[in-house]
């Protein structure tokens, strides 16, 4: 409600000039921080010699070699051997032969990517699933030792992953869970569930109890009220929580590198060790990084409104 | 009806009574009063049948999976770590005799100068990353809150670095930081005129700590910005309007309204970034391997070397426990301060 | 509860599967696949090609798991320590023998060798001691020598041949510009090239190993230390290191390496190992490069710097001769479920004809049949330097606690050479203290 005073530069409605200036600064920052990212994407399309040229090349002829190297293994052959082979049909074959190499098979990138999908989504579903249940209980009921349990849950996030990995390594070795997808899903779920419970409790706290109570008057059981009344209301919170859990599990490295090997290895330990002939195959690494970013990017952009709402998780507003 | 509704009446009626008391505590807001009246009006038998599983049972059922998972993957291993820290166990020699060494490991850790160097490196990293990320993050959030045209799009663009895997980021920035073939030195020389080959970021003892700070800030400033933005958006407009009425200057408004109301959010961001960077391992390990020398060897990197390269399991368990106690203690104190700020 | 009748088909299926799997073992050996784990480098690609012969002869298919050197030890030791079943065969670094033997991670091969008539006398003695034996110098074999390797040097023959450079060098140092034979000569040549403009680009004298994370700088510095008189211990008294690890000779050697690093190498190589060296040499940055002989076949074939442009020389000497031993032996992992098939691979690999093919295809055979062949020294420009090197190789500790010893040396040397901490004597003194502690914890020294 405004009184007679009207200033040109109200904080609530900044002037056009202020807005332009603010916008300029933010856009400048965004462009600056985009540069390394753009460089990564561009490097994916360079040939290996171009990627390590000195000084660095901004203009270059694009080549599919980076992506081809990412998906294949190759071996070097003599030109005579290559000349004697039947003509190459696929593009990656052609590219390899130009360099006196022959495609020997598929690389391990796709299996690692699939492992990342299974483990990240699996652990997100598990941690958010049991997290929302626990959050509901903490929010609605007087669970004994509630405050202690909540703080204990938060404190499980304070151990450095390496520290947690030491006993987990020994435990998994005994139980045969080393290098298994199940083992990694359980581990990531345990790490994420603390965040999930805290975030979701904040969201559920904000949903008035009256809705469930009214539903229960109408004949719903507590469980049905939970499913049909509370969960739909908590969708924003669940989505925001899922994004955070997914990003963590998707990008996690320390546990993956210590506890997985051939079967359950995810993409983050795999990408930095993609070796070309002699040096690190930077175009392939860049290609792998770009592809690995896409699912998270898509997921987050589609759900960005929930993300903004989610990071405050009510705990501070109280 | 439900198979569990038989045979459990007594506990459920108790539950119903306690629920009724809870509702009475909530005051007489209309929906609650309505529910209370409805509950009293319903015959006991029907009510108990309609409740299904008792609330108490549901509470335990809902909490149990989380607790079990945490017990198995967090608590049990933690206890095991504590036990190991009193021995000389080495994971790469499972057949060797295990000897109880009392607090020797703890003494070794606390008197090892290399461990203290690692803690110093970690503290330096923590301080500067948090400071820079809060300053830049808050400034960005404030500017975005001016709501210029297209701010939604640009906000999303700024968020992208945070979605990358820290390990992959560290690996790639090592490429960017190469003085001969990397982009960073050339960009700096382009912008500032300092010749590209006159300095090296990850090779020099002086600059390497800043190299890791720059990369971490690049990655996580968007995170702090998000939190500050949520904080700024939570300040209702009418407060500002009231201040306008009182002829408060913009500067005054900022200091007396904006900053105090965003402070809890900033403190929360500091808490989360602090905990995460204390644990930092993957990005720095792939960027510098802790080098040159041990200039960027953070606590987690030292821990990994002790535990998984030298296989001194007992010793590294003691170190892990010490780190945990340190973080736990500091976080405890900080959360108390945070609650104090929230509640004033 | 489901009725028993519903479960019966399931039980029958399970029983059938069990019976089949037990009895079908022999029949299915023909479709077996075994996995071989090694480091990801040129020789590994060559081995993939070579192994096709094994599959043709036995029908056993091969799968490979290659990890880059900088994470190889970490990953593979982790695998062995977690009793992993990923690798049936492992071509492990020579220093892992102690730990793997004592912890029962490798299969002891004596019985198998005797049964199949594989004799260790058919392989170069240095490789048998280095890659196969534990304890050292006792006839207990845990690997078959697979890849004989040592540190060697490449140089830009085309630059050395430029007449104006030859004239200038002769004027300055009163001798011909040629691959150096001693470390003093090396420093002169390196300084000569440092900062020079050749073909329009600034070049540098030499490339040295400086990697911090795994083993790089240690594998580099020992090539200066050994010739200058460094020893790991008193030859008469095991584990007595004072005066040998930190002798005045050793101090001199360490200072020399640092001087070379500071004054004769390209900028920015503070954490560089094998692959960065190849990059630096191939992109024309350095006149001389230190690297493992394993890479030399690939370099010789390189379109940019190979052929006539490249030359090779053996590690320079000083008051003594010495060079760092590399190389690996191939072992059978004791947790492997395919032990028999893995042993068949070893039998195939030990065959002299296969060894000759291995040498030809880009590997580095340790078999006497290859090394003692009169045609060998002429087979490539790096063959003679390699033979000379194998006569003077010295290896790092291969104790079970070798990782601690190595990481300690990595830290002390890198701190001094790259991070400018303290003096060489202080670094070596601290190293002795570190190593004494490790041996004390092991019960091997007081």
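We just call them A, B and C in the order they show up, numbering each chain from 1.
We adopt the following convention: a contact is a pair of C-beta atoms (placed from the backbone, for glycine too) under 8 Å apart; a residue touches a chain by one contact, two chains touch by 3 or more.
Because the structure is predicted, anything quoted here is derived from the model rather than measured.
Visitor: Mind naming the chain pair that shares the most C-beta pairs in contact?
Guide: Counting C-beta pairs in contact for each chain pair, the top pair is A-B.
Visitor: Quick one: most central chain, C-alpha centroids?
Guide: Located nearest the centre of all protein C-alpha atoms is chain A.
Visitor: Can you check how far apart subunit A and subunit C are, centre to centre, with Cα atoms defining each centre and the answer in Å?
Guide: Once rounded, the distance between the two centres reads 37 Å.
Visitor: Compute the distance, rounded to whole Å, between the mean C-alpha positions of subunit A and subunit B.
Guide: The separation of the two C-alpha centroids amounts to 16 Å.
Visitor: For subunit B and subunit C, what's the span in angstrom between their mean Cα positions?
Guide: The answer is 42 Å.
Visitor: Residue numbers in subunit B touching 2 or more other chains?
Guide: Within subunit B, residues 91, 180, 308 contact more than one other chain.
Visitor: Could you check subunit A for residues that touch two or more other chains and list them?
Guide: In subunit A, residues 52-54, 169, 257-258, 280 touch at least two other chains, as defined above.
Visitor: What are the residue numbers in subunit C that touch two or more other chains?
Guide: Subunit C, residues with two or more chain partners: 78, 81.
Visitor: Going by the contact rule at the top, pick out the subunit C residues touching subunit A in the complex.
Guide: Answer in residue numbers: 35, 40-42, 45, 48-49, 65-68, 70-71, 75, 78-79, 81-84, 86, 274-276, 278-279, 282-283, 295, 298, 301.
Visitor: Which subunit B residues qualify as touching subunit A in the complex?
Guide: Against subunit A, subunit B makes touches at 2, 23, 26, 29, 31-32, 34-35, 38-39, 50-53, 55-56, 58-63, 65-67, 69-70, 72-74, 76-78, 80-81, 84, 91, 136, 140, 143-144, 146-151, 154, 156-168, 170-173, 175-176, 180-183, 186-187, 196, 218, 221, 226-227, 229-231, 234, 237-238, 240-241, 243-245, 247, 250, 253, 264-265, 268, 275, 278-279, 281-282, 286, 299-300, 303-304, 307-308, 313, 316-317, 319-321, 323-324, 327-328, 331, 342.
Visitor: Which stretch or stretches of subunit A touch subunit C in the complex?
Guide: So the residues of subunit A in touch with subunit C come to 52-54, 75-76, 104, 169, 172-173, 178-179, 257-258, 261-263, 273, 275, 277-280.
Visitor: Considering the complex alone, what residue numbers of subunit C touch subunit B?
Guide: On the subunit C side, the touching residues are 73-74, 77-78, 80-81, 99, 102-104, 211-213, 266-271, 285, 400-401, 403-404, 407, 411, 414-415, 418-421, 441.
Visitor: What residues of subunit B sit close enough to touch subunit C in their complex?
Guide: Going through subunit B, the ones touching subunit C are 88, 91-95, 114, 178-180, 197, 200, 202-205, 288-295, 305, 308-312.
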